[in-house]
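A short write-up of the structure that comes next.
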Amino acid sequence: MNAIIFSALWGVVMMFSGIVTQNKKTITGLSVLGLVLLLFINCLHAYGIWVIKLDTLGALHFDSIGLFFNAIAIFATLLYVVLSGKDIENTGVHAAEYYALLFFVLTGVSILTAFNGLLMLFLGIEIMTIPLYILTGADKRNLKSNEASLKYFLMGSFSTGIMLMGIALIYGATGKFGIAGGISLAPSTGLAVRPSFLEVGGMILLFVSMCFKVSAAPFHFWTPDVYDGAPAVFTSFMATIVKSAGFFAFIKLFDAHTAVLGDSWNILVPFVILITLLIGNITAVFQQSVKRMLAYSSIAQAGFMLFALYGNNDLSKEGILLYAFSYSLATIGIFAVLIKLKDYSLDGFNGLATEYPLLAFSTAICLLSLAGIPLTGGFFAKYYMLSAAIKAGGIFWLVIVAVLLAAVSVYYYFRVIQAMYFKSGAPSFNQPITKAFQFTLFGVAVMIILLGLFPNLLLNFFYF
Amino acid sequence: MSIIQILFYLLSGLAVFAALMVLLSKNPVHSVLWLIVVFFAISGHYILLNAQFLAIVNLIVYAGAIMVLFLFVIMLMNLNAATEPNQHIWMKLAGVIAGGCFLVMLVSLASQAGDMANKTVLMKEGNIGLIKELGKILFNEFVIPFELTSVLFLSAMVGAVVLGKKDNTQ
Amino acid sequence: MSHLVFLVPLFPLLGFLINGLGRNQLSKSSIGTIGTGAVLLSFLVSVRLFMQVLNGGGGVDTLFYLFQTTDLSVPFAFQVDALSALFLLIITGIGTLIHLYSTAYMHEESAPHFARYFAYLNLFIFSMLLLVLGSGFVIMFIGWEGVGLCSYLLIGYWFKNNEYNYAARKAFVMNRIGDLGFLLAIFWIISKLGTTEYAQVFAGVNKLSASDITAITLLLFVGAMGKSAQIPLYTWLPDAMAGPTPVSALIHAATMVTAGIYMIARTNLLYTMAPFAQCVVAITGLATALFAATIALRQNDIKKVLAYSTVSQLGYMFLGLGVGAYTGAVFHVMTHAFFKALLFLGAGSVIHAMHHEQDIRKMGGLSKRLPHTHLTFLLGCLAIAGIPPLSGFFSKDEILAAAFQASPIYYILGLAGALMTAFYMFRLYTLTFLGEARFHEDDHHPVHESPWQMTVPLWILGILSVVGGWIGFPEWILPNAHRLESLLAPIFAGSTTLATEHAHLTHSQEWMMTGGATIAIILAIVLAIRSSLRAKVDTEAATGLAGILENKWYVDEIYDNAIVKPLQSFADLLKNVIEKSGIDGLVNGVGKLVHYGSRQIRLVQSGQVGNYLLIMVLSMVVFFIIWFNDTSLMKLLHNIF
Amino acid sequence: MPINYYIFFCLTLFSIGIVGVLTRRNAIIIFMCIELMLNAVNLLLVAFSKMHHAAAVAAAPDTTVGGDGQIFVFFIMVVAAAEVSVGLAIIVMMYRNIHSVDINFLNRLKN
Amino acid sequence: MIPVLLILIPLITGLITFAFSTADSAKKIALLSAVATLVVAGWSVCCTPASALRFDIAWLPVMGSRFTLEMDGMSKMLCLLTGISFPMIFLAIFRQETKSAPAFFGWMLLSQAGLMGVFLAADALVFYFFWELALIPVYFLCSIWGGERRIAVTFKFFIYTFLGSLLMLTGIIYLSYHSPGASFAIEALTKAALSETQRNGLFWLFFIAFAIKMPIFPLHTWQPDAYEESPTAVTMVMSGIMVKMGLYAVVRWLLPVYPQSSALYSDVIIAFSVIGILYASFIAMQQNNLKRLIAYSSIAHIGLMCAALFTAQPSAYQGVMIQMFSHGINVIGLWIIADAIEKQLGTRLLSEMGGLAQKAPTLAILLVIMGLANVALPLTNSFIGEFMMFNGLFRYNMVWAGVAGISIILAAVYTLRMIQKVLYGPLNPTTETATDIPATAKWALFVLVVLVIVGGVYPQPLIDLTNDTVQALITKH
């Protein structure tokens, strides 16, 4: 609750800061301050200290994993703002408003980490998504930005419609908007009662709409276009924090519901995972624009994260935290560099290593992490996903397919490393690369490596 | 057949017809108008179901505010003529088939739902749809979501400003 | 038993190391002294060992274990008995002479190359000693391959000439083919008996089935074929004449090529127990003897004649082994070592004198200019032709007699070979030393007799060629005078007891056969001298049968076209087609497929919102269908995966 | 009134909305069709709410069971309103740039 | 403590080396570090209590993985090989110009750390970690310092091996879930409760990873390209040590864990190995490229080792142990010479060489000795190993042994052909100006030659060293 209220309030503060000051640096500083505070009071909440204690009457339910995820999301946002704050300022003229929207998104994220019913899920998703429609279109003169925004909006609304129909059907069958699931045991026989068909239909529709939010195939079509069209700085945010939150909600939602779908769950999810992995990885191979490649790769990563959904065990919960964190770190890192480049194509990275070795090193670590090479956080993230799936059993063949495609993913991630290290060229930047930026990015790289060596560091938080 | 049933069929038929007209009208303005008809029909349904609050809100918010907004925009863009080029015929066909399949699937699903077979809807009666009852629920159980919707509106507001305002500096 | 035995190979090894490492520092004279001295020392030790053996000494001396594992231990051990001691004497004795000879023969080489030569030579002696001294098959194999290596190095000694290099390679590869057989035989023995030591193998021979023994002996014989240049692996030996002549004398006549005989003599027990393998050995030996002799009839290179002669004589030895005359074979090894080394060294002396001219058609009338060489060469020719009482007569006679007992056909064919031997040797002798001089003498480089370092070994060997056979008087000449047989009796004891008794020839029969044979041989010699003196010597290629013989029955060409070239084109096929387009193409094809897939799949991302939504709706429909049919689909998936 | 009537009716409306989304090219019309879908959901929710109410009211006459369904409809309307404001702003922005609202022109981003 | 030192010394010095600015100091520190590692490796072989050879701390308690390092005979031997190889490699290239040398030597040391880790790990997850870590430095080394087609070739190599190791990873995870206590420790993995189908499937997952690394026909095509295009120092690491990773892994992680499956599929694997031996030998026979020739020859040798591993014969195991060491020494020697030749002549085509023996007698002698070791001539180190392996193979199946034995002949053919083309014959314009091999490389080679001879005459220390591993394998079967 702390985080929800505070982020909403700080969003308002940011909204008005634009009136008080025109100095963008101050605005960025203010938002960093807000994020630090937000992180702090979110952690306070984890220790049981409430800033405002409200009885949510069951609408929200805070548990340690949700708070922990929230902390990760806030921390990632903090890093994101520190790394890319300059670029947020330089996009359009509405820096204060953008920050306000970011905080509103965080409110949505916070709700999604704690929702305890379909209503709050719905609201959380909407609160999270509507600012994103706006941020996608933030570069108003850019036709691509416009287009991405409209596409995102149309398809997003459509999926909202699907989701609502799903909710309605579930409500019809169960009379509740709860997420506890409608399965019950018949008192006489002790056998599971087959859930109402309406509920199943509703679950499928809900599943579809959540797949859309996390860009799982075949509902991923918005992702490449929107990620590509949106200003890079907001793509970074969308592809990391927002997407992870979507996953978190997805898993939380279906935690107790898998039984409703029965056997078909064991077909539907593998089916979706398979298609997602295939489309994400294979399509990314051909991309020449790094930004668009990253968009496809984020689909591929989603495929991996879906294993957690399938696994639906303790490993998948820990794993999704680890995945969210390492994936967010790495993607934010790469985007932070990408945004600064003039040329988003692969050639834009040519020769980066000779001019900025530290920068190139950090970027390389991020890429290695995304590829899942050991010693980086990405490895353990993927490891957990595979473990979760293997532990759950039944889809070992899919795990094999996944690792085959992971080898494909190495192909496109390493092309960037090749460009940086093995090709000569002079990268040109939109803005000067400061020492501070380089060292922050290096810090991110170090964090990724630490996570790759001692994932316990992160997971221990979860356990105490 | 009772009067309620007659009204149900009437309103339903009207709504479906109007909805189809929304699709089929070449002129966007006509589409808007047909959509308003749909909303009125649905409001009629609400009244049949004794959901008075929603019936009024539906009229005010949807038919009143939202649709007017749509009309404004259409007028603003001068789209009142049938300027829209036709979607490709195959695309149309595919859309219809896809929608039809979707409908068939959901309907077969619903018709197979055994637990719904004997359930009936309480028409006319039942007072949960009254403002008084809903108000109690809204401000007790649903006060937190209610407050949180303000964030939604704030962001919508900011969005409208960000997107709508002319950037002078650029 | 004396522990001196390790000294025998040690001296040559030291000589190899000193000459090899110090090749840039040492002077030629010191190099020659070291090289020759090392072998001489070995010889002295060998003599002492031989004496011990004569006095009933000998035995196995283990230096250390080459390796010891759970299921196999191979000691690095030397076995001194009559057989190995005899070979030690031959190797180090003749080795010393040839080293001495080489100091003069190789005089023109620069010091480093001179040192290289002696290092190789010493290494060869070392390896050869390992071969004969080893107390088990593994040590023998080590020496076996070691001599092959030295042979390779020495054939290719003049490495600037690519022809020589090819000859060296050919020798090594052909030897390797034989080595594979040898190796497989060793593995076979190990798998059945778990040891490679002679003593244990022969003791455990009863545990082997008949087919095991046949297989082992045949495989061993494949090894012998390679090393001892028998059909079909003989072609390397004539080519090996590319090396310096002393090398040919030492390696390709006197010692290394007899390793095969040594091996079979060593394992005589096994062969005696495998009549089929014996038969194969005899027939191969006989065929080689005849085949090589026919080729030798029409060769014009002085060394080539001797090379084919060597092949032929080796064939005789195998014939002897094949018919169970183990002593005879070893006897022939010894006498052959004397006279063939003598002949080669004599040839070397001629070549030295003729300034590296090897074509006998361009010689003639050398008897006056090279008196020592001429005389000793004549002795050698007489010995090899089998004129009594020279050494060759005794050994060859023993083999032929044994062959007759096995089958008269063997005898007749063997005799035919002996006649041919006499013919081609005296053709060679006549063309070289008698008649008119057919060369153009250069005033600055007159044809002259060789220095003492060369003639002394010639004379020593000449004497040995004469008297060497006297240790083995046959029964019908002098009863109980076959010293060699009594010496080697313990070695062949097992075979003797097993061998089926043939009807012995009476002494008068023996006299008649020998007398007849000797007369025939003398006739052949006369024929050879007469025809060679009369013949118009020209350098044009011969035609008809002579042409075929001159071209060695085209065996090299047949091998080249039937084996080498097909293998090379097969390898080319693998390299250029299977590897590139096949396997690598498949690997790259997967990559290309992914790339192609990427290009195609991205087209689905058409940019049209309508398409996107349509696919979404259709997917939802599919989802519902999946749900409706979940059980059947589950089954399908399970069946697939 | 049997609930199935309402279910079928609402699903029909919903599907008409989907068909509209799929077959029209005008962004505004598409958006309107999405609103149509939302309204179908709204009506279905109300119908369900009254269905549950009917089941519960037999036991306890002054129950509020079913009220949450109608409240949900209220929230849907709220969200829809917010969405419309943003959506129309986007459409207008788009129109300013390319003077069209035809979604088939949205094809700069592809492949 | 020793295992940790073996990993940490190269790791830390490697990282430090990156920070150096001059090539000279980087070279020196790298050489120093390599020697220090060698000393520690030697120490581990000689005289240490068992407790010093094991290191075990908690690492990932949640996953059941512990950071466990352990040294048995085979580990000691391979660590020693790694320890010997790196100083030799550094010596061999000491006088050469290397662009951005600090980075080069830094990566080299990191790869050493990774290799050491592979040979020491006693926990499957740790093993996988190091398995990949050994790969990454090589990727960078080849891609930055390699030949013309380096990027594409290295990429292929990387993806190929990465694919294999990912398959292994899935196998490891699957296996650990079925092991008692969901642990990754080797002891636990051997006790995993698996059905026959599971076992056989997992066997292949592991084996494919190892087979790619070794490489075994037909998964070998990355190798000639990679060897050709890599800087020779890296090729030495790859062919001398990295290919041993695959063999080592089979011994450590495959045979003990799936004894039944190993026996079940031994025929298939031996068939592929033997086909590969002949296949590679034939290709080497017609190869005009010096580096590719050595690469194919290496494939042939590795094929024999792999075949021997699946014969389940003590003699073959013992032979593989010796041969792993010997092959490392020999092939590194060959590469040092090949590198010297290429640096001298600027070409690696045999058809353009000839007569080097006149200009570079020392090089000639060394090449001949290394070449002879390559054909497993007796009294060189590889003879003993090959003898034992063939012996084991013969006991397993004499037909396979006979077929594989043909490679003995073919090895002679291609090696002698190489020696002849390089050293003998007349001089040509390319070789006219050649000089002898540089002094540092000479010293490195001298050491290797001594090892070759000593290993060929008295291999018993190696046998004793690895005896415990062999015994363990025998009892498992």
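Per-chain numbering from 1; labels A, B, C, D and E assigned in written order.
The criterion applied here is as follows: contacts are C-beta pairs under 8 Å (C-beta built on N, C-alpha and C of every residue); 3 or more make two chains touch, one makes a residue touch a chain.
Please read all numbers here as calculations on a predicted model, not as lab measurements.
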item	value
Common touching chains of chain E and chain C	A
Chain ID, smallest distance between chain and overall C-alpha centroids	E
Longest centre-to-centre distance from chain C, chain (CA-based)	B
Winner on C-beta contact pairs when A-E is weighed against A-D	A-D
Chain centre separation (chain B, chain C; CA means) in Å	102
Separation of mean Cα positions, chain B and chain A [Å, integer]	31
Chain B and chain E, separation of their C-alpha mean positions in angstrom	71
Averaged-CA centre spacing for the pair chain D and chain C, given as whole angstrom	97
Chain E, residues touching no fewer than two other chains	none
Junction residues of chain B, two or more chains touched	87, 91, 94-95, 98-99, 102, 106, 109-110, 116, 141-142, 145, 149, 152, 155-156, 159, 163
Touching two or more other chains - residue numbers and ranges from chain D	3, 7, 14, 17-18, 21-22, 25, 31, 49, 51, 55, 65-66, 68, 75, 79, 82-83, 86, 89-91, 93, 103-104, 106, 108-110
Interchain contacts, given as pairs of chains that touch	A-B, A-C, A-D, A-E, B-C, B-D, C-D, C-E
Contact set on chain A toward chain C in their complex	151, 154-155, 158-159, 162, 200-201, 204-205, 207-208, 212, 218-219, 221-222, 224-225, 261-264, 266-268, 271, 278-279, 282-287, 397, 408, 411
Chain C residues within the chain B interface of the complex	610-611, 614, 617-618, 620-621, 624-625
Of chain A, residues touching chain D in the complex	119, 122-123, 126, 130, 133-134, 137, 140-141, 143-144, 146-151, 153-154, 157-158, 160-161, 164-165, 167-169, 171-172, 175-177, 198, 224-225, 228-229
Footprint of chain D on chain B - complex, ascending	4-5, 8, 12, 15-16, 19-20, 22-23, 28, 31-32, 35, 38-39, 42, 45-46, 49-51, 53-54, 57-58, 61-62, 65-66, 69-70, 73-74, 76-77, 79, 84-87, 91-92, 94-96, 98-100, 102-103, 106-107, 110-111, 116-117, 119-123, 126, 128-129, 133-134, 136-138, 141-142, 145, 149, 152-153, 155-157, 159-160, 163-164
Complex interface listing, chain D residues touching chain A	3, 7, 10, 14, 17, 21, 27, 30-31, 34, 37-38, 40-41, 44-45, 48-49, 51-52, 55, 65-66, 68-69, 72, 75-76, 79, 82-83, 86-87, 89-91, 93-94, 97-98, 103, 106, 108-110
